[in-house]
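Each chain gets a letter, A, B and C, in the order it is written, and its residues are counted from 1.
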Amino acid sequence: MSDDHHHAEMSYWRKYVFSIDHKVIGIQYAVTGLCFLFFGFCLMMLMRWQLAYPGREIPLIGKLLSESIAPGGVMLPEFYNALGAMHGTIMVFMGVVPIVVGGFGNYVMPLQIGAPDMAFPKLNMASYWVFFVGGVVMLISFFVPGGAANSGWTSYPPLSNIATAGQTAWLCGMVCLITSSLLGSVNFIVTIVHLRAKGLTMFRLPFFVWAQLVTSFLLLLAFPPLEAAGILQLMDRLADTSFFMPEGLVISGEIKQVAGGGSPLLWQHLFWFLAHPEVYVLILPGMGMVAEVIANNTRKPLWGYRAMVYSTIFLGFMSFIVWAHHMFMTGMGTNISAFFATTTMIISIPSVIILTALVISLYNGAIRFTVPMLFALAFLPMFAIGGLTGLPLGLPASDIHLHDTYYVIGHFHYVVAPGTIFAIFAGIYYWFPKATGRCMDVALGKLHFFLSFIFINIVFAPMFWQGLAGVSRRLYDQTVYAHGEAVQGLTIMSSWGAWLLGLAQVPFFINFFISIRWGKKVTDNPWDATTLEWSAPSPPPHGNFTVEPVVYRGPYEYSVPGADKDFFPQSAAAEA
Amino acid sequence: MSGAVLARGLLVAAVVAVLGIASPALAQDAKAADISVEIDGDYGPHMPPAVYAHDYARKGDLLIEILHYFMLLLFGGWGIFFVYCLFRFRQRPGHQAHSAPVKASVSKWLEIGVAVFEGALLIGLSIPVWAEVKNQLPTEEENPMRVRVVAEQFAWNFHYSGPDGIFGKAAPQHIDMATNVLGIDPDDPNGQDDLTSGELHFPVGRKVIAEITSKDVIHSFSVQVLRVKQDAIPGMRIPVWFEAAKAGNYEVACAQLCGNNHYSMKALMAIHETQAEFDSWFETAYEEANAEFEELD
Amino acid sequence: MTTNLLPYTVKPHPITEMYSGKFGMWLFLASEVMLFGALFSAFILLKVTAPMEGAAAWPTHEEAHLSWKIGAFNTLVLILSSVTMVFAWAALKGGDLAKGKKYLAATLVLAIVFLVVKILMEYIPHINHGYVPSTSVFFGLYYTMTGLHGLHIVGGIVVIGYFLGPGAALYHENPEYYTNRIECTGLYWHFVDLVWIFLFPTIYLMN
């Protein structure tokens, strides 16, 4: 199956840079995504200095920043806003999604379905490079006159319409990133439907693959409206149209000379039509990874696999009809708000089902506290907190007080940070041996886990109290307000949590890079796992499987009564 | 949160307040009001003081409270089960996993119970409260005070209609950032007694209808102590209504990113004990504003 | 090349009854429906919320200065090009490369006619009369929606041109594979035609 003779002829560029092998592309996505994730994290660590110690010179790097963004080492509000907007943009579109979909999806999914590669390998490569270009455009935007986009990752007009050139760069970057996602999602869906190994029916698929399938449908259908909105905003900014500009705007005392007649709310509808499904794109692959790790480390099948699959599909469908719960305060009437509040309450049900199924999966298991399992287990209560705190936000009456406060920031970060990012770590520690043939150091892994778990809660837990106290989001200095000043202690606590969280990643970096070269070598299936990727060599060659896999059973046949081992791989032929 | 942390935080905040915040004045952006009065109320890591008299705020607070007890109950119960599983089913010598699926009818009933409870909150509290916010604007018999709230980068403008109760017409072409920020038509007789102020004043016990709009970008009129929040969207004029139960000085904040000085876009909200006190403030403010206007002539 | 190992590149899959490329094209078209659908939704929202009079009111049919006759002509041109596209694919399915290429060329010519009419007889006169995207929301939408549609036509022209030119060599290597790619191009082309069939009444006739 492997075509080494072709390989020997391939140049370095074709083999490692412009490869069409899904494993190389997956690693490219994951590494690039992790770099962007780390960069986005650094932006936040910078912001947190200004938040904790407003108006004070930034230590160490304050002097390195240019006078136009931080005179005397004290960051300007416009720079703070740019950091905020780009932190969100980078983490969501250049960090998490490329890692969980482009990275893990690309690498693991074809292996888990027994395919030699993705359905469209060249398209896969193109998707990565378009993503890369989009990322570069976003980074370069920091250096255009006026700095990077600073109207929030949500880019509401008219503010974003009149913003400096960085916003145009943001729009161009988004067009690239969206295109990359669209092409990738087509690839994923066709691959999962068409390229499954013999015997691998849909309900024998690992839950991770189901999660990727639904995620890809979300990306495919939800991204285009944002692309349309981006085109309209580019027209507003570059061709002076008024899609989002009403009549009679007066900016800084000057009447804005545009035709008018546009609607700022139009942008919000188009944006949130994507951005709500987008948050399920952020969480579903993570849930998939956690499910794999839990099944493997409880040595028993997942509880409620079918319920989880149906819930995921229902969740995907519902995610398209909740978007305006982000817009409750825009002057919404009773009928529309009742509709969206109802759909929002309904969508909490499948999430709870999935979470409950994962917890019940622990019951009657034999839990191994491996490093991936530690992260996967922590995911559960963290996601629970994130999900529960969505309830007061999803009901308009309670949202009045909490909308656009730190409560919202706490809510969504709990789902994405100790939620998805912990799932990412679980996935890295779990699949590292498959990609490299070596395992990561356990002691460093446990240190990374415990420190991260403690500090990440110190960062985000105080935000709920700040939100209840009424502190608004996106404030360069919350002490301007009496209610903000009164809880500035919580801000300082969050900031120190964030800096310590940054330090807590050092053991991870060391572990990751050292283990690639000097990690302990392991067998092809060091976790004694059942899913197909573990029956391929570590790392798998071109074409992935030395013998074409045939699937005989479900994905989580652990502790089957009467078997001699406590796991039964999917592709192992039945005993005679 | 511990008192020590709070105390440290307050100390730092006090130092910062003393040092002051330098907000660069950009072009002709309106400057945020310099509030030198002391703000009333006890603030901290809890809900802000309840200065409101209108019922929807009380019900909103009740909803938040109920929800948090509900969330704690769910998380606590679920968490206990979770930790129990981690201990009871940890791998150890002699312990075997059992692959047969457990019957979990408890979880099914809990699930249904959660859904029913959420539905009850939605139908019993949230939807009626929202209807109260949107549909139960004070009628004319209740003699509400009307004020137009016009947000701009980076200040709040409060347009009072004056004794005649009629707002003067405003248009962009009349705007003068020094003397007529809202562009009230100087030829409109109804506008003669109008007042534009950077402060929101009204008396206790009188309902207020505030019509929220913006001159430039989206802002959000947010008064924490009254539990009022409404996006200020240019091209739209959206009414909110409220009533105060006690007098005092409080703050209006901006709750939607509106540019560089979004953070400092606050205004004083002064609630007067009586209508007479409000009237006397209005007279003084009106005379001062016109004296300035004549000085500039 | 791993592409040789991939099944269903030509043979249809039992569940979808399509080869992979066709399934992929349908999925892509679904996303395109969302893209143009978003723009149509924007059109509706902006029209419905526009003031009834004043500078920001929407133009009447006369004020819009759009000739429905030119629009109708272009609609016929595109429908005809979809027909020639189908004939091209049918010819290739029947093993006749020459006939297939003739019909592909006809499609290409019709596409170019569409663009030429659009640019020379609509865009340029409009711009010369001062009707540019910034003139009003209506004109902004007109240029944006027809412009995006026009870009899709250009994309189609590039792909058809490729298959007429250097890409035609694939027919001799693997005729079924080449025919399938023409089929997928045809699907895309029909979609572009369909978008225009919605655009024409919306923009030219709705006022």
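Here is the rule we go by: a residue touches a chain if its C-beta (ideal position, glycine included) is under 8 Å from a C-beta of that chain, and two chains touch if they have at least 3 such contacts.
Please read all numbers here as calculations on a predicted model, not as lab measurements.
Colleague: Taking each chain's centre as the mean of its C-alpha atoms, which one ends up farthest from the centre of chain C?
Modeller: It is B whose centre lies farthest from that of chain C.
Colleague: Out of every possible chain pairing, name the one holding the most C-beta contact pairs.
Modeller: More C-beta pairs are in contact between A-B than between any other chains.
Colleague: How big is the gap, in whole Å, between where the Cα atoms of chain A centre and where those of chain B centre?
Modeller: Those two chain centres are 32 Å apart.
Colleague: Approximately how many whole Å separate the CA-defined centres of chain B and chain C?
Modeller: So the centroids are 49 Å from each other.
Colleague: Quick one: report the Å distance separating chain A from chain C, using the average Cα coordinate of each chain.
Modeller: Chain centroid spacing, chain A to chain C, equals 34 Å.
Colleague: Find every residue in chain A that makes contact with two or more other chains and list them.
Modeller: Touching at least two other chains: 246-247, 263.
Colleague: Per the contact definition, I'd like the list of chain B residues that touch chain A in the complex.
Modeller: For chain B paired with chain A, touching residues are 1, 5-10, 12-13, 16-17, 19, 21-24, 26-29, 39, 41, 43-48, 56, 59-61, 63-64, 67-68, 70-71, 74-75, 78-79, 81-82, 85-86, 89-91, 95-102, 104, 107, 111, 114-115, 118-119, 121-122, 125-127, 129-131, 133-135, 152-153, 171-173, 175, 177, 183, 215-218, 220, 222, 224, 227-231, 233-236, 238, 251, 253-264, 266.
Colleague: Of all residues in chain A, which touch chain B in the complex?
Modeller: 53-55, 76-78, 81, 150-152, 156-159, 162, 246-255, 263-265, 298-301, 303-304, 329-331, 333-334, 337-338, 341-342, 345, 348-349, 352-353, 356, 359-360, 362-369, 377, 380-381, 384-385, 388-389, 391-392, 395-398, 400-405, 462, 465-466, 468-470, 472-483, 485-493, 557-561, 566
Colleague: Can you list the residues on chain C that touch chain A in the complex?
Modeller: 1-3, 5-8, 13, 15-16, 20-21, 23-24, 27-28, 30-32, 34-39, 41-42, 45-46, 49-51, 54-58, 132-137, 140-141, 143-144, 148
Colleague: Contact residues on chain A for chain C in the complex?
Modeller: Of all residues in chain A, those touching chain C are 1, 3, 6, 20-21, 115-117, 119-123, 182, 185-187, 189-190, 193-195, 220-225, 227-229, 231-232, 235, 239-243, 246-247, 258-263, 266, 269-270, 273, 542-543.
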